[in-house]
Amino acid sequence: MINKLYDSFDKAVADVFDGAVILIGGFGPADGCPSYLIRALYRKGAKNLTLVSNGPGRGRPAPGAPAPPGPRRSPPNYDDGGLLIQNGQVTKCICAFPGQGRPGMMSPFHKLLTEGKMAVELVPQGTLAERIRAAKAGIPAFYTLTGAGTVITKGKETRVFEGREYVLEHAMKADFALVRAHKGDRWGNLVYQGTSRNFNGAMAGAAKVTIAEVDEMVELGEIHPEAVATPSIYVNRLCSRKDSREGP
Amino acid sequence: MAERLDEQTMALRVAREFQNGMVVNLGVGTPTLCTNYIPEDREVIFQSENGCLGYGRTAQTEAEQDFNLINASGQFVIGNKGMCFFDHAESFSMIRGGHIDLCVLGGLQVSEKGDLANWLIPGREPGSIGGAMDLAFGAAKLIIVMTHTTRDNEPKILKQCTYALTAPRCVDLVVTDIAVIEVTDRGLVLKETAPGWTVGEVQKLTEPKLIIAPDLKAMAL
Amino acid sequence: MINKLYDSFDKAVADVFDGAVILIGGFGPADGCPSYLIRALYRKGAKNLTLVSNGPGRGRPAPGAPAPPGPRRSPPNYDDGGLLIQNGQVTKCICAFPGQGRPGMMSPFHKLLTEGKMAVELVPQGTLAERIRAAKAGIPAFYTLTGAGTVITKGKETRVFEGREYVLEHAMKADFALVRAHKGDRWGNLVYQGTSRNFNGAMAGAAKVTIAEVDEMVELGEIHPEAVATPSIYVNRLCSRKDSREGP
Amino acid sequence: MAERLDEQTMALRVAREFQNGMVVNLGVGTPTLCTNYIPEDREVIFQSENGCLGYGRTAQTEAEQDFNLINASGQFVIGNKGMCFFDHAESFSMIRGGHIDLCVLGGLQVSEKGDLANWLIPGREPGSIGGAMDLAFGAAKLIIVMTHTTRDNEPKILKQCTYALTAPRCVDLVVTDIAVIEVTDRGLVLKETAPGWTVGEVQKLTEPKLIIAPDLKAMAL
């Protein structure tokens, strides 16, 4: 019988190695961030990681620490990649939205950048999504309009198709993808909730190992075959918030 | 000089460009306010980079707030009949594939050729590019809504952008707190001035020479 | 109010011009072929068409003519692109599965090929799907492994990434996409049934104008926002089998 | 010489390669028969190019036939718990992205390097390429199941393919009606012979020199 469920978030990330490239789903302050997996990775302590995500997130120094100041509420039990960054586990951050570094209001993320302890590769959000999708679909490289004639693609190959200049972009290869979904089944089929699908849906299947954090597991067949958002083939492991050994 | 328009009024003016059936993407800041000013008898479908098409107005009360329903600016929005969800790859297929009829973004600088700079203030590296670059390249039509000048009253509409470009030659229309300006092959065409503003006053706060539209009018608000 | 519904299949294809490039959904003998739209295009009589589809289909000389001999049942009211081919409306066929031309058992499709009245461009099925998706996603060209070192990519550019040879393939640009779905709403959201999604889902949005043939229209909001298979943005026109002016 | 295996028996032998949890894609013809021989206590997920993952056995009665549920060979199949549907672009992301663990295809010719030719018989242009080429390039493991020789008793396992290639160096295992042969860097390794067949008899119908596996055995069926 196929059963991809792990009873522990810690076990699910146990083989994440130092230097791994990790895709992390989520977008902005919404729910849909694999917070439990991120905390397991914090406990695991793997270092020298490359984080690929929309942005470094709000972050906090440790699980349970007060949420950073800001106008927005956070979802319950929330943590994002910023937790790993502030814990010194990340040496490179590939993202679309690092946030502006404001003089006098320097975030821990920008502090690490300024001190040279972390590098950042800034990628337009659509190029990031497409590079992730390319890795999933076996496409080593593709051409895109985005960025042609701007500093963001400096040093990259360009090519003219039908009179317009395009930029050559490469697949974003990764070792692990941590994604958050709503429900999953033992084969690995996933459904999401609303705009929490975002990068989670794009990243599932784009790394060598995809680990899904779900709110709850359902019986095989309960997810309607027309409504599956991420087919089981893209998911290697699942952990359930409801049934895991670890609390939030 | 007359008073400048406030954010809400600029959003109202921008929203007059929304035609029935258009798919519209709204950037962070003033653009998001446009959802409140959709012209009556028109139906507009809003697309958000984070994987939603057809969402409604922003949530007004805490009870309306749903952590699974936010727009690309991180604001809570409410659901709408006809709405659907998808992942980021699909979302940017829409954007980069030319399926967005109209995009409204904020701007730091716009050049007379229609170049846009809106993601990096020098000294604030690495900058926040987000989805703006894909939108600037991909949307069929691009409106920039911004104050006409910086806080120091320096022009933001320039002969050439001095900040890093978001995209070259991408802007179609600029709506500011004092004017509406169209980008054409001949140059920038002043189409409307805010109530009480003269052509001369607008020109003085604009670096490139403006072409005055034959049908120049006061902004109808 | 947005309403993309046309009350007539004939009206929905009225602007298909001679020389147009047309994507047609469907796969094999399954349902999920836009048969009513195909018959409307037969009535319209547009000529010199380029057909892009998985294959030319079984075809028949005219609507209502007996189905071609074969071991398989056909779905009710079925017609495929073969109808347009046998009617002489097609001068080029871009497909993955033309079928083997057997000596002594030559199909009308192979007869036209042999007589030089039609050209065929053979494309591996996955490359075909990806070229269609590229057109939808604004990607002018991409690299793929499929076909490297075989006759199918003769004359095409190749390039080595990480020691393997890949082939450069281009977006499949088209004027019209005819797709078949199960249900649609007035904005253009679509859901399909089972394996009838196939190329229909891939083609919707990949041409300048996408026309969807649905079994029935439903009220806006009836299709669950998580379960929409083709977002409304990709559909320009809809026609309903149930409510159209024309019979099958 | 002993009798050759029939199609069903070849399918049975191939299905022994299915491991628990594998995602398997089956080509037209003999490969589709494998769904009937999944080893007990193993769960295998079948993928079909036309947009289905996790379908069940082929439909046996007309009542079971559903025009919206066919496999890539055009056969009616039945549903299964855990199944899902998707479009062709997604389907070939799976195939070309290396997500298919095992693919079973028919073959016209296989070379000693593992080249495959299976889509074009000379004189029958343009040929039917379908999804075979994507599968041959994309699947993690490829098994070819075919008769060992042509109808004229000519070898189909050759030093070099003479027909147009589907993909070079893609075949991992060949299951025929008389033998099981593994493609290795050293050459073709004869692993099993059909009941009653000698090594010499198999070699005689195979163009390249076969390496005899140290653990050569009769096919267990």
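All chains are identified by letter, namely A, B, C and D, in their written order; residue positions are counted from 1 within each chain.
The rule is simple: contacts are C-beta pairs under 8 Å (C-beta built on N, C-alpha and C of every residue); 3 or more make two chains touch, one makes a residue touch a chain.
Everything numeric here is computed off the predicted structure, so don't read it as measured data.
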Length of the shortest touching-chain route, chain B through to chain D: 2
Pair of chains joined by more contacts [C-beta pairs], A-B or B-C: A-B
Chain located farthest away, centre of chain D as origin (C-alpha): B
Whole-Å separation of chain centres (CA-atom averages), chain A against chain C: 35
Euclidean distance of C-alpha centroids - chain A vs chain B, Å: 29
Junction residues of chain B - those touching two or more other chains: 85-86, 90, 92, 96, 138
Overlap residues in chain C, where contacts from two or more other chains coincide: 130, 133, 137-139, 144-145, 192-194, 225-226, 229
Pairs of chains in contact (touch as defined earlier), listed by label: A-B, A-C, A-D, B-C, C-D
Chain B-touching residues of chain A, taken from the complex the two chains share: 27-32, 54, 72-73, 75, 96-103, 113, 120, 122-130, 132-133, 144-152, 192-202, 229
In the complex with chain B, residue positions of chain C that touch it: 1-2, 133, 135-139, 185-187, 189, 205, 219-221, 223, 225-226, 228, 231-234
Chain A residues touching chain C - in the complex, by the definition given at the top: 130, 134, 137-145, 159, 161-162, 166, 170, 191-194, 224-227, 229
Sites on chain D touched by chain C in the complex: 48-52, 65-72, 74, 85-92, 95-96, 121, 123-131, 133-134, 137-138, 164-168
Complex contact set, residues of chain B against chain C: 20-21, 23, 41, 43, 45, 47, 53-54, 79, 81-86, 90, 92-94, 96-100, 138
